[in-house]
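Down below are the structures I want you to see.
In the two complexes that follow, chain A is the common piece, with chain B as its partner first and chain C second.
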Partner chain A sequence: MSAIILLSILGVVLLYMGLGNNKRLLAPVGILGLAGAGALSFLDRRPLPAWGHGAMAFDDLSMAFCVAMAGITLLLFVFGSDYYSRTQENVAEHYALLVFSLTGAFLLTSYQNLLMLFLGIEVLSIPLYILAGGKKRSYRSSEAGFKYFLLGSFATAFFLMGIALVYGMAGSFDLKVIGDYAAANAEHPAALFLVGMFFIAVGLGFKVAAVPFHFWSPDVYEGAPTIITAFMSTVVKMGSFAAVYRLIGVHITALPPAVERTLWAITILTLLIGNLVALRQSHFKRLMAYSSIAHTGFLLMAVLSGDALAGRALFYYTLTYALATVGLFVVFTVAKRAANGDEHIRIFRGMFKSKPWLAAATLIMLLSLAGIPPTAGFLAKYQVFVLAVQNGYVWSTLFAAVMAVLGIYYYLKVIRETFTTNEEGAVLQLNATNTAVIAVCGVGALLLGLWPMGLI
Partner chain B sequence: MQILFYLFAAVSILSALFVVAAKNPVNSVIALIVCFLSIAGHYILLNAQFLAVVHIIVYTGAIMVLFLFVIMLLNLNKSTEPQKSMATRIAAVIAGGLFLLTLLGAIKDGIGIANPDVYDGSVGLVKSVGTSLFTEYLLPFEVSSVLFLSAMIGAVMLGKKDKGQPDGGEISGAA
Partner chain C sequence: MMLLTLALVLLPMLAGIALLVARPHAQAKSIALLTSVIGLGLAVALYAGYDATNGPVIAFQHDWAPAIGLRMVFGFDGISLLMVLLTAIVFPFIIGAGWKKPLSEPALVNGLILLTQSALFGVFLAQNAFLFYVFYELSLVPVFFLLLRWGGEGRRAITMKFFIYTVLGGLTLLFGLVYSYLQLPAPRSADFAALQNVVIAPDVQRWLFWVLFLGFAIKMPMFPLHSWQPDTYTMAPIQGTMILGGVMLKMGIYGVVRFVLPIVPAGVAHWRDVVIVLSLIGCLYAAWIAFRQNDLKRLVAWSSLSHVGLMCAALFAANTAGITGALYQTLAHAILVVALLYLVGGLQERLGTTQLAAMGGLKARMPRLAALFLLVMIGSVALPLTQGCVGEWLMFNGLFEVSPWWTFLGVISIILGAVYMLFAYQRSMLGEAHKNTDLVDADGIDHWILVPLIAVTFILGVYPQPVLDLLHAPVEQLLTLIN
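What follows is the complex of A and B.
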């Protein structure tokens, strides 16, 4: 809880610092605050099991998610000290909004009733709508912000309606009461409860960009500033999956069969569409968007396996995915600058010749996303498949495995560009902070695979 | 009491229909105000005074005035129907119809309050709303301040004119 308070204050402090002229201090202060928030959430886990009249409860999993999300945001702030060095406009607001959005993600890891879930999702999303449209002079960014805002509010309306219906049937916002109600009426669930659960699934499906609620994601990923895209595909994904897992993995475990079938259908569709469409992308940010949709499919499978260890698998998966993604977006920004703003994957061409170590890090991160040993991404996917098979979902696992193999192809496309030697690539400018972020991400993606540190 | 309920119900349904059917956007907004007022009447019938007052102040007062201002400032009071292709229309009708069927199927069994015996009739009074807001729901109440703060930052950030931007900047309008 103290971490959430610290983050809220940090956001306000950053805002006030924007009044001064020294924009260079913003990132260091933000980094300090984020480190403090990570440490506080680590210290918080024991003394406060429940808070706010049972509105929130902290456990080891929520602690792990909080620390990891603070860490990823910290990496993004380090990247931001370079990313925002070329602009003077609204930098403090951008940092503050990122911190506020992280506050929402923290709420999502430890909520105990639907009210807090709703607030968490909104606190997470509203700053993102603004940040996606943060480049005010760019049409694509404004379009992304507006599209995200309109579609997001639409999804929120569904979500809220679902909460109202579930509340009406179960008589409480509390997750335990709703879980007991669902278990007691598992045979013949009331129709209104079913509709409510469907609506909640629509709202959350939109947040995690599951098919068929994924249409916003490629456009928004493409239009938003790169650092925001990186935040959306990492921290937001971690927070939303912590929320999804808490809702249907921990509390409402006795899902009505109709809802469970629907969720499996969504999972299969997400795996299929995400991977198939990604094959045809040559724009890097769109490629990452569809890759993120495909990963959503694997993560949903872990949640639906219903295993008691699914939470750990989810945490490990999202952490490795986030590390690789942040690093790749930093590499992408460096390459994009050298290519005068081009965003096609050809900007990676010849990187091995000019900067072999950078190319090696890129290789590791792409292999981790593709799920090839010995990187962390392999262990993550393997873990999900094991959970699904252990719980009897053999056919779905086979299908997911085929899709994972298919997915390797589009990551290989980027790798091929990186290691083309017959052409001289552009001159890449790497400074110390960006190198540090890429190194942390690359080494992390490799080390977590070789030595998972008891995370799985 | 029952007569009042039917009166409010009839007024809200008719005015809601008029909102959709009216050709002129200004008439639409006026009908929406009537609709909101009659819904506030429903709240009073349910002994939810706080909700009724907030509904009138926020929706009927603030938001509807904003609507009217936007419509008048943008001079939208012409009856313009955006033309949609046939395929879009058919798809919209099918999707909306399926949605209606789902909802009808859901309320076919009837809607009941989960536990009518424990229902407290004074739950909507200002006093009880205030008490629960500052005790049981204090945390959500405080957290929502972060939400409003970020929304406010967004409005200022996207709305204000930056240095060096020409008057009526071509993009700032999109925000």
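What follows is the complex of A and C.
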């Protein structure tokens, strides 16, 4: 809880710092604050009494998610010190909004009732609506922000309606009570409860960009400033999945069969559409958007396996995914600058020749996303397969394994570009901070695979 | 034992990484050759210290991600050891093949070759199913780059096709392993010793068989999953083709022995005829296409496909002679493929092409090379006293126990094999000379590479007992598991 308080203060402080003329201090202050928030979450690990009349409770899993999300945001701030060095206006607002959004993600890891879940989602999302449109003079960015806002608020309405219906049937916002209610009526769930659960699924499905609620994500990923895209595909994903897991993995485990079937259908569709459409992408950010949808499919599979270890698997998967993704977006920014703003994957060409270490790190991160051993991404996928098969979802797992092959194909396309020589030889400019972020991400993606440090 | 085993995996890995990082282009091939020769020494030391009558040896174990069955367990039995020896013998020659006219950026080429060797040692020394899988996939990565950067025409598309084909088999294999692993009673272990005793319902085995087998069938490749192979073999640089055909293909054979036969014996019994028929069809079909080839490198690719079809058929005869023969033949085939490809590479260097139409009458101008070619060819058509003859004899025995007709088909493929090899020899070496350019005959390096390979072929053809001793105990153990 103290971490959430610290983050809220940090956001306000950053906002006020924007009034003065000390842009260079923003990132360091933010980094300090984030490090503090991570440390506080870690210290809060001891079992605390539930907070706010049982609205929040912290356990090991929420602690792990909070520390990891603070860490990833910290990496993004380090990247931001370079990314925002060319922008003059509204930098403080950007940092502050990122911190506010992170606060929402923190709430999502430890909520105990549906209202806190709603609050968390809104605190997470509203800053993002602004941030997606963060490049005020860019048409695409404004379009992204507007689209995200419209579709997001639409999904939120469903979500809120769902909460109301579930509340109406279960008589409480409290997850435990709702879970007991669902278990007691597992055989013949009331129609209103079913509808409520469906609506909640729509709201959360939108957040995690599950098919068929994914239409916003490629456009928003493409239009939003790269650092925001990186934030959305990592921290937002981690927070949303922590929320999904707490809802149906921990508390409402006895899902009505109709809801469970629907969720599996969504999972299969997400795997299929995400991977198939990603095959045809040659625009890097859109590729990452569709591949992110594909990863959502794997993560949903872990949640739906209903295994006791699913939370750990989710954490490991999202963490390794986030590390690789942040690193790749930094590499992408570097390459994009050298290519005068081109965003096609061909901008990776010639990297091996001019910056072999950068190419090596890129290779590791892409292999990790593709799930090739011995990188962390391999262990993550493999663990999901184990959990799903262990709980009897044999054919879905086989399907997911085949879909993973498609995933390997489109990541390989990027690898192929990276190691193709380019006659023009665009000069990549790497500064110390970006190098540090890429190094942390690359080494992390490899090291977590070789030595999972007890996370698996 | 532990040190030797770990050194086999780590030495080429570290040397390979060092070459990739430091890039000493001038010394690269010497360093790589030295490393691979040390590796051969280590493998021989391992062989010398192993008593074949003992069971499998576990040399090293350490936890990696034990909750999902992944543990670092290295060890070996006779079959593993044969594969390790095969890899260790072949790699110095593969590196030597780049001695005279190295590819551009030799440090990178040799570094990648060493990394591949390290992964292959890992594959054959792993005693845990998931560790096997890790190395199995890992071995693809350096080869991907070898093909992508140093391949011939159409390399971008063909490399992708090769990789995706193989990875498709890999991921279904992973799924199959996960499934089999989870059929064990808790507490589970994916170590071979435990996994081999898994009991799976016969009707499940019927589909699980294909899930487990698909990856290995692609790797070998078995007809009709071979469509990646001829293009890839032809496009790859000679050293890459040697790795693919000489060693990586054997991962398929080895995988069938390690996983398919012991885990799904009822599935094997059910699908045996289908697999044998497909393999033999592939064997004859590939032999026929090899006969019609005008490109020597393509001819070698198709002939490899034909040979591997026979090995696969014999393997699925699932009896002592069949399995022993197929495993024995892996060694013979590896050595022959490397020697043949070396000759193809040598001709390509001298003539600038591998088209048979551009050859002819070479014997008159390169008598020593022609003689070496003849000796290699004798091994390839498996004349008596060569290693191939022993392997094929055993394989035919194994197939005969199942059905004489299949032996008959197998023998036809051997006849076809003799026909296309002799025909190729005739078209390249005999007849009228085409052009009057000066051609350099086989020099010292050519002899250094080809003579030892030919020597091994003949020595093991006359005296195969050491290898057969190595295989006897594990094959018997495997057969008791199957029945």
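Here are a few things to note about the model shown:
Everything that follows uses one rule, which is that the second predicted complex is superposed on the first by the 452 of 456 C-alpha atoms of A that agree within 3 Å, B and C clash if a C-alpha of one lies under 4 Å from a C-alpha of the other, contacts with A are read in each partner's own complex, and residues count from 1 in each chain.
One rule holds for everything that comes next: a residue touches a chain if its C-beta (ideal position, glycine included) is under 8 Å from a C-beta of that chain, and two chains touch if they have at least 3 such contacts.
Since we're looking at a predicted model, the values are computed, not measured.
Of the two partner chains, neither chain B nor chain C is touched by A:Leu25. Shared-chain residue A:Met169: touches chain B; no touch with chain C. In the superposed model, A:Leu379 lies in contact with chain C only, and not with chain B.
By the touch criterion stated above, A:Pro127 is placed in contact with chain B alone, chain C being left untouched.
Of the two partner chains placed by superposition, A:Leu279 touches none, neither chain B nor chain C.
Which of chain B and chain C touches more residues of chain A is settled by the count: it is B.
Of the two partner chains placed by the overlay, only chain B lies in contact with A:His53; chain C stays clear of it.
Contacts of A:Ala186 after superposition: neither chain B nor chain C is touched.
By the document's definition of touching, neither partner reaches A:Ala258: not chain B, not chain C. The touching residues of chain A, counted against chain C in their complex, run 309, 367, 372-374, 378-379, 382-383, 385-386, 389-390, 394, 397-398, 401-402, 404-405, 408-409, 412-413, 416, 419-420, 452, 456. On the side of chain B, the complex with chain A involves touching residues 102-103, 105-109, 111, 113-115, 135-140, 143-144, 146-147, 149-151, 153-154, 157-158, 162-163, 165, 169, 171-172, 174-175.
Across the complex, chain B is touched by residues 4, 8, 11-12, 15, 51-53, 55-56, 89-90, 93, 96-97, 100-101, 103-104, 107, 115-116, 119, 122-123, 126-127, 129-130, 133-134, 136-139, 142-143, 145-146, 168-171, 190-192, 194-195 of chain A. On the side of chain C, the complex with chain A involves touching residues 64-65, 67-70, 130, 133-135, 137-138, 140-141, 144-145, 148-149, 156, 159-160, 163-164, 167-168, 171-172, 174-175, 178-179, 181-182, 211.
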